[in-house]
């Protein structure tokens, strides 16, 4: 299928919004993406005609809802080329997925004297759960540093990984856009006997994913960043690891039996899905996966390469030294997320002026404070592009930036 | 929509009302135990395996008509058969119930009364009821082989 | 406002479904309720026009979404008469809410030699998290027994509570329908220096709730049982308790600062809301709360009293000794959830026959295995009624039951 | 939709470009520290309080025009005033910024330059920027009172 940008845009109703006579320019998809009609309609229709609890009751509607819910699992498994659908666990977001790994795998496998390796570009979701556990268990966290153009600095990676139990890293930085060499990093981890945990939040929505080709052990990501609904996240893990792990949340559905004296766990994936699940959200997620699959993830990636190239060129041509774009300039090494500093104007003020033109960007630390300290900034402006963004929107960003410059000339 | 008679064939109701091989066996018989966490059904399968033959089988537990009759028909089907036959039968039944397993089952195996369970496939929620005893038998055979 | 059942029914599109020429008879609301147009439309419209991440970005759409999200919190707080909106924490379901209390309050306050008190009628969600923690910390769980008509047997409650740190109990049994004397139980807990944790899953959707009148310390409940969306649950807790608790899930939004050496927590409620939240779900929940408030929770309760009385009478008149309805016969002590045994027909088979008539009931252990053991059953049939059910639907249940009896005469 | 000039009044831009009382103070001065976890803004407030009077105040940290100018105007407003005056001022500003607090603020207090912050109310996300320094001052006053 060839990629038809105007048709894609027509699939997303919010992109037709006009505020104060100006169109919406949504450049915050790295934060959370917009949703196509296919997803909205699937959820609405399910709520109007088919809503029912899953995996509990046995009547036809409940069986149908269970099929849709389990069908979503199968679709997600196929989307990331997971060997088995049972290895896909629904959580509430990627954050819960990473907490699940830290808590269940980590508390069973990490204790004093052990160490894990993280990178300097991690999102708080891949830092704080480990810090919480480290405070309890007394293991050490080691950090992979960055090069000056925002890539992982692998000079001392063998030293860092020696004796480490796990290497947990993002596949793509949510601040710098850096795409990390996931397959190579998984191999390095395994060479040192560490498991490889991949934060796929920023990569899975934007390029093809093959967890078997990566040879990863766990991959976490979120529905809401991949044109799917909020309220549902994903953890894929190797069956043998998931099987050996203690449960995370306790309650209904995750048990095989409960007596006053104790309980026994259900098999995968129920073991990690306590309580009533995000049912309508799974239905919406299935529609999102179908939608992205029909578009083709290679096409999504190609479109984003083009728009990234155009954005880098446009911003540099128009603003020269007045703009400092963090991270790599090589579109083979980065995704369509651009963080930058613009003159001396504070990111919050930049975003305010942009907002007057309905240009939606995020200004702040992007939940990556350790990385921000490395950049020497306490905030950046971040414009992030997705399959529905256009070169015209890059121009709208540049026009609004120019105005911010005029307004705030110090 | 499939009707009740698709699910509840006469032979199923007969095995439900008159279950064969009900009971328990003392060690050295081995024991397998299965739960359906969805509905609370429980099953116990007791086996005496000697020289590769399922010499005796008894079945205990509680459950719905489908799980109980499936268990009863299972006992009849495997009693006196070789372990190998029993395992092939498990694979055959799972295949019939549309449960994906690795490898191809031997579809030449005659199903006998168990043919009646084909209707269950139209009622996906009940497949777990039908298969519970077979999974439990597989577990008991594993224990016996240890 | 007077309660107009036909108008209420017209608000729920799924109730108009006709399958094989017969109307849907949805009697599984204790499991999960259906959703009115007000909720579905609020979610759909939000996704079409207003979707945006919350509490992160600063543009107008993000501010609007944040207002809606925080507005949902305020509405929930008012719905249960919580003193402060910041005391309301959004979780993914009630199960996560109870796990949060067990993990965060429990791990800071319970150790070997301590004990907590649960009841014999708890849902697994209020058992398993405590068992998991008890296995780790070595405290003891004591159990309040039941009377023969399914009420809490408080004969030895003072003994049970002596020295206990917490009393966690359901406000209404999801199997028996029993309504527990929450206010009295909270007072008893406090007399013994224990905190009172209320599982409000089955009560909050069905009757007025006043956490201050109860004088409870924590209350957990779920959106999906109160005509709201799946994927979002609720914990209310006293500010001083929540403030003193360590965080539960770690990640974005719940931090004040993150350094390589460690992190500091955000204030309430962000502290307990790690990662991207169920945003659309909060919007739907706000609409659900508005809907129930407009109907009036007293009206909901009154309608359910009437339908419970009619159901008890109808089933007893028609089936006499062939039916054993568990729990109390006194509609002042019970909600509209009826669990029963019908002749010797296995509940799964009953529900199968009922399903032929589109009568949706749950057959199973209802995530309350310790209670089931007490009843001497490994499953029951459960018909549960809500604001949209009618006496005609009670009759449809009875007709279908009669047919099940004919079919399975042993 | 309110325009940029509602938010960025001239006086605000002036305080942003030429912040008053920038710097730090050594102990015995007390120090309060505030974060805006949303955007990463940080502020430090140093105070010398003697005989119930705010004798000196210095402000450090980084932030947007709103948080920086609010801090600068705050320094001017409370320097040399009594602690009581300063606290009343905090309550007054929070009230102006539509932040609910217990008790009634003294609306007779003259706002001076700070009047310019009223436009912030139309930009709810920026209220946190405007109030950051005031919350930090309140904390520093608490420390000084210990």
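Each chain gets a letter, A, B, C and D, in the order it is written, and its residues are counted from 1.
In the analysis below, a contact is a pair of C-beta atoms (placed from the backbone, for glycine too) under 8 Å apart; a residue touches a chain by one contact, two chains touch by 3 or more.
It should be emphasised that the depicted structure is a prediction, and the values quoted were computed from it without experimental measurement.
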Item checked: Required minimum of steps from chain B to chain C, each step between chains that touch -> 1
Next item on the list: Please name the chain that ends up farthest from chain A once chain centres are defined by their CA atoms averaged.
Entry: B
Note to self: Using mean CA coordinates as chain centres, what's the gap between chain C and chain D in Å?
What the structure shows: 45
Margin query: Report the inter-centroid distance (CA atoms only) between chain B and chain D in whole Å.
Written below: 75
Next item on the list: Measure off the straight-line distance from the CA centroid of chain A to the CA centroid of chain C, and report it in whole Å.
Entry: 31
Next item on the list: Among the residues of chain B, pick out those that touch two or more other chains and give their numbers.
Entry: 1, 38-39, 123, 126
Check: By residue number and range, which residues of chain A touch two or more other chains?
Finding: 19, 56, 58, 60, 62, 253, 255, 257, 348, 352, 363-364, 369
Notebook entry, point to check: Which part of chain A faces chain D closely enough to touch in the complex?
Noted result: 19-20, 346-349, 352-353, 356, 363-365, 369, 372, 378-379, 407-408, 410
Notebook entry, point to check: Can you name the residues of chain B that touch chain A in the complex?
Noted result: 1, 35, 37-39, 123-126
Checklist line | List of chain C residues in touch with chain D within their complex | finding: 55-56, 58, 60, 62-63, 66-67, 255-257, 266, 270
Next item on the list: Enumerate the contact residues on chain D facing chain A in the complex.
Entry: 1, 3-4, 7-8, 13, 17, 38-42, 62-66, 68, 123, 126, 129
Check: Where on chain A is chain C touching in the complex?
Finding: 13-14, 17, 19, 24, 28, 31-32, 34-35, 39-40, 43-44, 47-53, 56-62, 91-96, 98-99, 102, 123-125, 127-129, 131-132, 135, 141, 143, 222, 224, 229-233, 247, 249-255, 257-260, 262-263, 274-281, 348, 351-352, 354-355, 358-364, 367, 369-370, 373
